[in-house]
Amino acid sequence: MTKPSLKLAIIGGGSSYTPELVEGVLKRLDSLPVTEMHFVDIEAGREKLEIIEALTRRMVEKSGANITVQASLDRRAAITGADFVMTQFRVGGLQARANDERIPLKYDVIGQETTGPGGFAKALRTIPVILDICRDIEELAPNAWMLNFTNPAGLVTEAIHKYTNIKSIGLCNVPVSMKMMIAEIMKCSPESLSLECAGLNHLVWVHRAWLDGKEITAEVLEKIGDGANFSMNNIFEEPWDPDFLKALGAIPCPYHRYFYQTDAMLAEEKEAALNGGTRAEQVRETEAELFELYKDTTLDHKPELLEKRGGAYYSDASLNLVDAIYNNLNTIHVINVRNNGAITTLPDDAVIECSAVVGCWGARPLAIGTLSPAMSGLIHQVKAYEQLTIEAAVSGDYDKALMALASNPLVPDITRAKGILDDTLRVNHDYLPNFSAR
Amino acid sequence: MTKPSLKLAIIGGGSSYTPELVEGVLKRLDSLPVTEMHFVDIEAGREKLEIIEALTRRMVEKSGANITVQASLDRRAAITGADFVMTQFRVGGLQARANDERIPLKYDVIGQETTGPGGFAKALRTIPVILDICRDIEELAPNAWMLNFTNPAGLVTEAIHKYTNIKSIGLCNVPVSMKMMIAEIMKCSPESLSLECAGLNHLVWVHRAWLDGKEITAEVLEKIGDGANFSMNNIFEEPWDPDFLKALGAIPCPYHRYFYQTDAMLAEEKEAALNGGTRAEQVRETEAELFELYKDTTLDHKPELLEKRGGAYYSDASLNLVDAIYNNLNTIHVINVRNNGAITTLPDDAVIECSAVVGCWGARPLAIGTLSPAMSGLIHQVKAYEQLTIEAAVSGDYDKALMALASNPLVPDITRAKGILDDTLRVNHDYLPNFSAR
Amino acid sequence: MTKPSLKLAIIGGGSSYTPELVEGVLKRLDSLPVTEMHFVDIEAGREKLEIIEALTRRMVEKSGANITVQASLDRRAAITGADFVMTQFRVGGLQARANDERIPLKYDVIGQETTGPGGFAKALRTIPVILDICRDIEELAPNAWMLNFTNPAGLVTEAIHKYTNIKSIGLCNVPVSMKMMIAEIMKCSPESLSLECAGLNHLVWVHRAWLDGKEITAEVLEKIGDGANFSMNNIFEEPWDPDFLKALGAIPCPYHRYFYQTDAMLAEEKEAALNGGTRAEQVRETEAELFELYKDTTLDHKPELLEKRGGAYYSDASLNLVDAIYNNLNTIHVINVRNNGAITTLPDDAVIECSAVVGCWGARPLAIGTLSPAMSGLIHQVKAYEQLTIEAAVSGDYDKALMALASNPLVPDITRAKGILDDTLRVNHDYLPNFSAR
Amino acid sequence: MTKPSLKLAIIGGGSSYTPELVEGVLKRLDSLPVTEMHFVDIEAGREKLEIIEALTRRMVEKSGANITVQASLDRRAAITGADFVMTQFRVGGLQARANDERIPLKYDVIGQETTGPGGFAKALRTIPVILDICRDIEELAPNAWMLNFTNPAGLVTEAIHKYTNIKSIGLCNVPVSMKMMIAEIMKCSPESLSLECAGLNHLVWVHRAWLDGKEITAEVLEKIGDGANFSMNNIFEEPWDPDFLKALGAIPCPYHRYFYQTDAMLAEEKEAALNGGTRAEQVRETEAELFELYKDTTLDHKPELLEKRGGAYYSDASLNLVDAIYNNLNTIHVINVRNNGAITTLPDDAVIECSAVVGCWGARPLAIGTLSPAMSGLIHQVKAYEQLTIEAAVSGDYDKALMALASNPLVPDITRAKGILDDTLRVNHDYLPNFSAR
């Protein structure tokens, strides 16, 4: 790209994460000539949006940058002429997330924002909205890149690729976080590590790791098996069994715990739900605190507290992508892209999360070939669930939705699947116009 | 084949099922010129073997057929010169099966002879023995066909294909039983039905069903959803949810209940284990009664009681295969064969259970193509488990065994996987020489 | 099917082959209750159609069968209510075929009815017409089976599968002829042979052959290498090189000569074109003689001369298919069907010619897996040509057509491809409304 | 890598290209701490080797670099302790190449160093030698990277991957040259271009091209169709047909001319063979002149004349690879690597030439997915030829060799294939110990 100026449209601009993004933009003015940021939100988020807008203006002013800051409820105006559209909204807010976490627990099933039935509910709410946004982009900014942070990011990106023509990449902070954790384990700089990653969003493995060109995969696995910390702050750190890690031969992501250490994870969730609240309920408090801070008209930088929120590296991951595209860096990022055969047995049009090269021309996955059976079974099972969930979200078909849930490896039984589905549809009724009452 | 005489070797000849097989042979003398049957068993089964031998002689004599009946502990003698080798043995006998059923229950996991951890244990015990038998066949009867009934039949057949050069087909009575049940549901003759079957052993679906050329798949699913009987006597008949069946769009086999109706199936098993005994324990009683009957030197036919044993249609299924091979019938059988792309995304060398044509030249699956996500996820997950189990059985590697169990969709957690694995290895110690003490 | 009566619609009923079909119907009245035959042709074929109609009535009358014979130019009337629609027409008649044969020869390229640029031209003319017929069937006889004999049969069947919803099988007499020739070579009955066939139409290999269950592939190849006749009437019999056959390890079809013995085949064609005429020109004479015979109002049976015409076994192959469908025989036929993974590396929706099982429910290929490189290269090259040809025929796009021809392995150069294409489009102008003048 | 010093072993060090490589090393001393270069050659090349050694010492001395220069006939000494082994030898020298060019012409078949029967002959001579070298590397420098320039580079790299365990990348100057030519056509810097390349060695396409992120594929094709130069020194520049390019939709490499413009290329080769000599014969003269220059003890830099030799960018391409590996640059190079599903329908273990990321950890292709039929046919055909050629070279099997040649799309007929093969085996007798006399 050789455009001398860049416009960013941030859908869900009223998010408490936004100051991190703003900070990232201000840090990169040398390489990224951002001249306009347009934050959009919905009526229910107007107050937060305005707080963010004001804080952003103060941050920009302090930096001396020449950036127009806008905030509005007018999504189409924000998208018009944008070079990058970033989506970070949450349909239904934290209350919906809390429901996603609590409903499955009633059935002794993992209740989690992005994985299992919680992620399924979130996908049903999110996909229709995001496809709507994409229609706007197709019309108003057809050359724009959409960077999607909205979870479940892999599933949502697949829906975008299948149902729209826009250029889009799905993004998650898990792979970056894994790199940071491996660097800590190996007591080395993240830059000296090379990681070969492939899987699905929140189901990604580091297949091989090298430190200065020397393979260290087995060593990392051994250290994790010996108890090295390998979790993110928003996921309970149940220790990994060393025999299992050795048999796996690849480094699992923190979310794999839900699939392999289901009992312990469920127990922890149930305990938290009783005492202290689910993750959404805890986040709600942090958020309230954050917005109290943001309101302070003397604050002109990102507050420390934001780090605790669990979205570490989000801003870096996303703005590094913008950098790679704008400046044609051809650098490797672990992102959600069209498979194209990179994992041989998945369809070409499946979206996978993997090491991919990104430049001004787009993104392509590094081909990894046929997976070992230790990974191949789970990835096919979860991809099948994702395909069915997309179909269900787009069609509003009850049976498809039931089959999607029943295909999720965290849902052990169709009776429970049905209970969870019926609760989910009822509680989310306002957000699921595609689904008729039953 | 144009051989004027046929020798059958039956490994595990002391099985209580044998009289059914003998009856089948005697019924088919017009098409199958069997002149020799050699039953083999191990020292522990000598008494049963002798009872079977005597009963068989009485049955043959009554029929007037000119068949030499032999029984011995000499496997190599039995195999030498055989045209068909049939394997129906059970390493460790019913006691091992009872262990397979009870160990997982301790961990709130399905305990079943062929599916889940029970099937896994059975595979570990069986594969080394069957590969030994195959070596004998390679040496002593290289042109013989081996028909394998020993469970888990799909997994075992895949091990045979991967590690030996003999001609082998795996066989199960589930597909035939499904045809009979559909005929009953549709009140039609089995002959008027055409079924397109594909999946794995004990995980096979009828993808489409036709009655006199008219497709009836949806109608059958509706009737099953309305409560039509669709189970076999050895599987608890938990009713299927009609919404689920509609979404599936294919007719599941009775064993699918373990995967989709896990809670109810587990509850029933635990109840049975407390009162009346597990399935193996019930079978033990039936067996004892059967052998009492067989001993009766006036008995010269298969007793009625044998029907109850749960192996309905086994004899027919297997002898129909012998017939198809010997007489080059090119008829369709639902059997366990090399995939060859029939299910596109599985490896060519995976063994699948599907509609296949059988003639004197061998067997080939009917190609079904890419499966819908509703089936594709589960089949890849179970096939991955199977591949890992074969590797574990052949190598005796603990980590592979752990990964195999952890990949089984009925084992929700690696902590439980490890508990079950350790119990399994300890209890089966005598039957698992490949696994070193730990 | 349990319909007590069958209506056949024969599109291109004025063909000189028709009496063979009629004879086949009359021979099979015990198994196929045909009660109506409706022959259709176009205005230009009216005279021949009437001759055929009259001859057919005489044949039916002689047989005593109760069959209504109709002939008309009204395709829709013929299709209405038909159970089987058979297509055997030739757009542009023998003159178009003669052009197909002569145009490539100008460029020193094989000129042949179905293979190379001749088959390409025929496909361009045929596909739009056949898709029109299929639209009629969709509307007027949606449950009918269409059996397509019109060449190039594989390509045409793939177009039908991709662009219409009717039930269709493509049929060719080459595989049956190969079986007959192998039987002659081995001095055995065709029934004692089992052949595993897979490839594309006019590019099919017998991968393995068995005689009474004993594999004889190598033996057959040796005999062909030693000079055993292995060609059909209408294809010049250039001897096969024994080293090549050994390396191939599979029995090639007569049309493979065009690809592997191009020089000799081309020389023979050029010689024939100078003296005696191309194949079409020779056939024209035979046809004229045949119709002279057919006109004879005393003739009430298929005349001997018809055998010479080159379509041996056509009638048997097609009516055996009707028999398999109507009577649900589940017999193996070598036909053109959807691949479904049967040849692993070709797309599921490619049409291949292979051993397939046929019953009232349809047809499915026997899965053969990954082909050896000796076959895999050529089959992908020809399939690519076929896919491009279908796209060109449907779109009328000049560039696609050029790419199709340039991708045909018999066209060594794009300059020649362009010359042939331009001549083809000009000469066939009246039959290619999709292609605009250039 | 963090090694402070690097040893390069150059097998075939007596090549006239070597001074270019030396120049490249001397230019990169800041990023690549080369401290030792060991040139190896065979007895027949001793004189040239000594000339190169002396020239290299003068070049190194002039640069002031601290590099030990060695030259010997002792391959094992050179390999011992090497970090990079570069292979650029030619079994049989230019005389063998001249034979490769002339033999096919006798049969009216393209005679070319790397494509068609000439490349086949070269592969038969080269593969056994290169596998021998790899055995030495496995033993003496197991961590070394082997960069193979020896043609046919794709085929040879596939043989290395299939039969040895060393780390190896195959390299060719065609992709770099294409980038330079496109830059010239678009009047832009090569750095501003992004090219997505995939195919096989000497059969690679630029699937899409971008200039500063804007796609320009169609524009480049139009300019080439309008006559823009798009060939390399050593390939005759027959103009491309604009309709063909449009239909192809991708930018062909210069070597594609042999497949699509066969007639013109063959005519030019025959003309050259009569007047002026084949390419090898022309090169022989240039080489003699070059070595005359190299002998001049006052020469201490690469002479201009070397540019004409046809190997432009070789040195840059290879040393950029060394740089990427040594300094973990993760940059994109178009190289010959294991497919891993990058081109979906080719086997995982096929070697393809494509855009790949290279770092200290190795190289991985960017996944491109399923190719359009316009490319898929040709690539499968050529890959099949390559697989068969590797098998023939390793086994020395005459039939495999015949099948390989018969599968090459430039060989139109097996009679000619056999003639060429027999001549090739006879003339190369001394270099093909695997092939027994016939």
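In this document, chain identifiers A, B, C and D correspond to the written order of the chains, with residue numbering beginning at 1 in each.
To be clear about the criterion, contacts are C-beta pairs under 8 Å (C-beta built on N, C-alpha and C of every residue); 3 or more make two chains touch, one makes a residue touch a chain.
In this text, all values refer to a predicted model and were calculated from it rather than measured experimentally.
Chains that count as touching both chain B and chain C, per the definition above, do not exist in this structure.
Per the C-alpha superposition, chain A sits rotated 180 degrees relative to chain D, a value rounded to a multiple of 5. With centres taken as mean Cα positions, chain B sits 45 Å from chain A.
Averaged C-alpha coordinates put the centre of chain B at 55 Å from the centre of chain D. Among the residues of chain D, none is in touch with two or more other chains. The touching residues of chain D, counted against chain A in their complex, run 1-2, 194, 196, 208, 210, 212-213, 215, 325, 328, 330-332, 338-344, 348, 355, 357, 359-361, 364-370.
Chain D contributes residues 241, 243-244, 246-248, 260-264, 345, 373-374, 376-378, 380-385, 387-388, 398-400, 402-403, 406-407, 409, 412-416, 418 to its touches with chain C in the complex.
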